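Next, two complexes with subunit A in common: one pairs it with subunit B, the other with subunit C.
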Partner chain A sequence: MEVFEAIRGRRSIRNFEDRPVGKEVLQRLIEAGIWAPSGGNAQTWRFIVVTEKHMLNKIKMLSPGLLGDPPAVIVVCQNRKEAERKGGRLGVELVSVMDTAMSAQNIMLAACALDLGTCPIASFHREGIQRLLRLPEEILPHLLISVGYPKGAPNPPERQTEGICFFEEYRG
Partner chain B sequence: MEVFEAIRGRRSIRNFEDRPVGKEVLQRLIEAGIWAPSGGNAQTWRFIVVTEKHMLNKIKMLSPGLLGDPPAVIVVCQNRKEAERKGGRLGVELVSVMDTAMSAQNIMLAACALDLGTCPIASFHREGIQRLLRLPEEILPHLLISVGYPKGAPNPPERQTEGICFFEEYRG
Partner chain C sequence: MDRKALEENAFELVSYMVVSARNLLDEPPRYGPFRLVDAASRLVENLNKTDLGSERLEKIKTQIEAGKYSVMTSEEEFHEFLDSLVSSLIEDMRWCAKPDGARDDYLL
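Our next item is the complex of A and B:
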């Protein structure tokens, strides 16, 4: 699939077929994720891929933002200690958050190219997910990405184009 | 260009040809940016595209992270007031930062597909850029993206693959 086609064709999917996603496919998504840039090439991201039904159910209970029943959830985390060591306060508070999101966008575009649907989820109980996945204190879950074969294709929400982009100077 | 090719082929470029990037091309990049997902479909991003030489010079002086002489810089901003109104504290502090980064990743992949080089830059003087671009208080510059035709193709930094991805549970 072409880059622009994936960029325009990606939807946030909240309704999934009851059909598993193969491990090799999920590994390809993670590989797409680690090809994102990271501030100072820090690569402090960690990915936990959950496909076991009882764990997915628990993740759902902790995540108001997670809709539908995806057969897989990728939990994108950051090693906070490593991010601080490599990038200081800016690294841990800002840059590593951006690294997570750029990596997630790669994963979601790659998924789109493989006919998978995804949804990024920031609304979840951080401490709950951390405990559930037995993450040590320094591994912070930043974002969940639900992954599965989409049931139906929602229309894209309209994009605002007025007052969004300015050349040379802001005129708000 | 194929999605995976762009994801793997994108490099952070810090050396540019002395050759302008057309306005239509820059507009295509912004269009790619606004097709990113945003938390609660908030779309609180704002993009300032700078191509005037005297402004680029001033941006460089304020941005230790900006290397080389790109013919264009895209300043990805967020409307802080709107982000707070739409998403509360989580929206303004976390989700809008991720929105910026996902949008930036779209821009950088689209640029790669158009044979352009880019580099995301988080190390810059925020208040200085805000003053220089005459941004009102609520418009916060989050990230700079330098854009231009690359001079040379650097080798990609090696990706860490050990201890990065885990299935079902973390084993750090």
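Our next item is the complex of A and C:
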């Protein structure tokens, strides 16, 4: 699949088929994630891949933004201690968040190329997820990505194209 | 559905509602009505697994599922969707039990 095809074809999927996603496929998605750029090549991301039904149920209870019943969830985390050591205050407060986002987009585009549906979820209880997944204090969950085979796909919302991009200087 | 499964379903729904309440303190205001109608839909789904489902409950769930994601795309459309839900509920209130004698003809 062409990159642009994946970029334009990706949708946020909230309805999944009752069909598991293989471990090797999930590992390929993580591989896509770790090939994202990171500020200062910090690579302070950590990924927890959850596929067991009882754990997915518990994640769902702590995540109002997780809709539908995906067969897998990738929890994208950052090691705050390492991010601070490598990037200072900027690293932990801003750069690590952007690194998470860039990695997540790689994962979602790779999933699209593999005919999988995904949805990024920021609405979850961070401390609850930390406790559930036994994450040490320095490992902060930033984003959940639900993964599964899509049952239908929503139409793409319109994209705003006017007044958002300027060459050379801002003219808003 | 046995009592244990029923309790687990109820616990899941309660968790969803309580965590939503906490998270909504930090989330966009329009997510509040979204979580409420989504919780209503989940409640009906749970009731459908028992013998407490009904046509009017199923109808409102279907309407919620068809329109709830407009919250992501259009504020105006979401507003209209919520208005239409309320109108639909008012229609179905005629089947509510009267004080002088319970009516159960809305049950499946």
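Some notes on this structure:
Assume the second predicted complex is superposed on the first by the 172 of 172 C-alpha atoms of A that agree within 3 Å, B and C clash if a C-alpha of one lies under 4 Å from a C-alpha of the other, contacts with A are read in each partner's own complex, and residues count from 1 in each chain.
Here, contacts are C-beta pairs under 8 Å (C-beta built on N, C-alpha and C of every residue); 3 or more make two chains touch, one makes a residue touch a chain.
Bear in mind that the values here come from a model prediction, so they are computed numbers and not experimental data.
Judged by the touch definition given at the top, the superposed model places A:R14 against subunit C, while subunit B stays out of reach. Set against each other, subunit B and subunit C differ in how many residues of subunit A they touch, and the higher count belongs to B.
Using the contact criterion defined above for the overlaid structures, shared-chain residue A:M108 touches subunit B, although it does not reach subunit C.
In the superposed model, A:L143 makes contact with subunit B only, not with subunit C. In the superposition on chain A, contact of A:P157 is made with both subunit B and subunit C. In the superposition on chain A, A:S123 makes contact with both subunit B and subunit C.
In the superposed model, A:P64 makes contact with subunit C only, not with subunit B. By the touch criterion defined above, A:E169 reaches subunit B but does not reach subunit C. Overlaid on A, the two complexes show subunit B and subunit C touching the same residues of subunit A, namely 12, 123, 157. Those residues of subunit C that touch subunit A in the complex are listed here as 11-12, 15-16, 19-20, 22-23, 27, 31, 35, 38, 69, 72-73. Of all the residues in subunit A, the ones that touch subunit C in their complex are 12, 14, 57, 60-64, 67, 123-125, 128, 154, 157. Contact residues of subunit B toward subunit A in the complex are 1-4, 6-8, 10, 12, 23, 26-27, 30, 32, 34-37, 39, 41, 43, 45-52, 55, 90, 94-95, 97-102, 104-106, 108-110, 112-113, 119-120, 122-123, 133-136, 139, 142-143, 156-157, 159-161, 163-170, 172.
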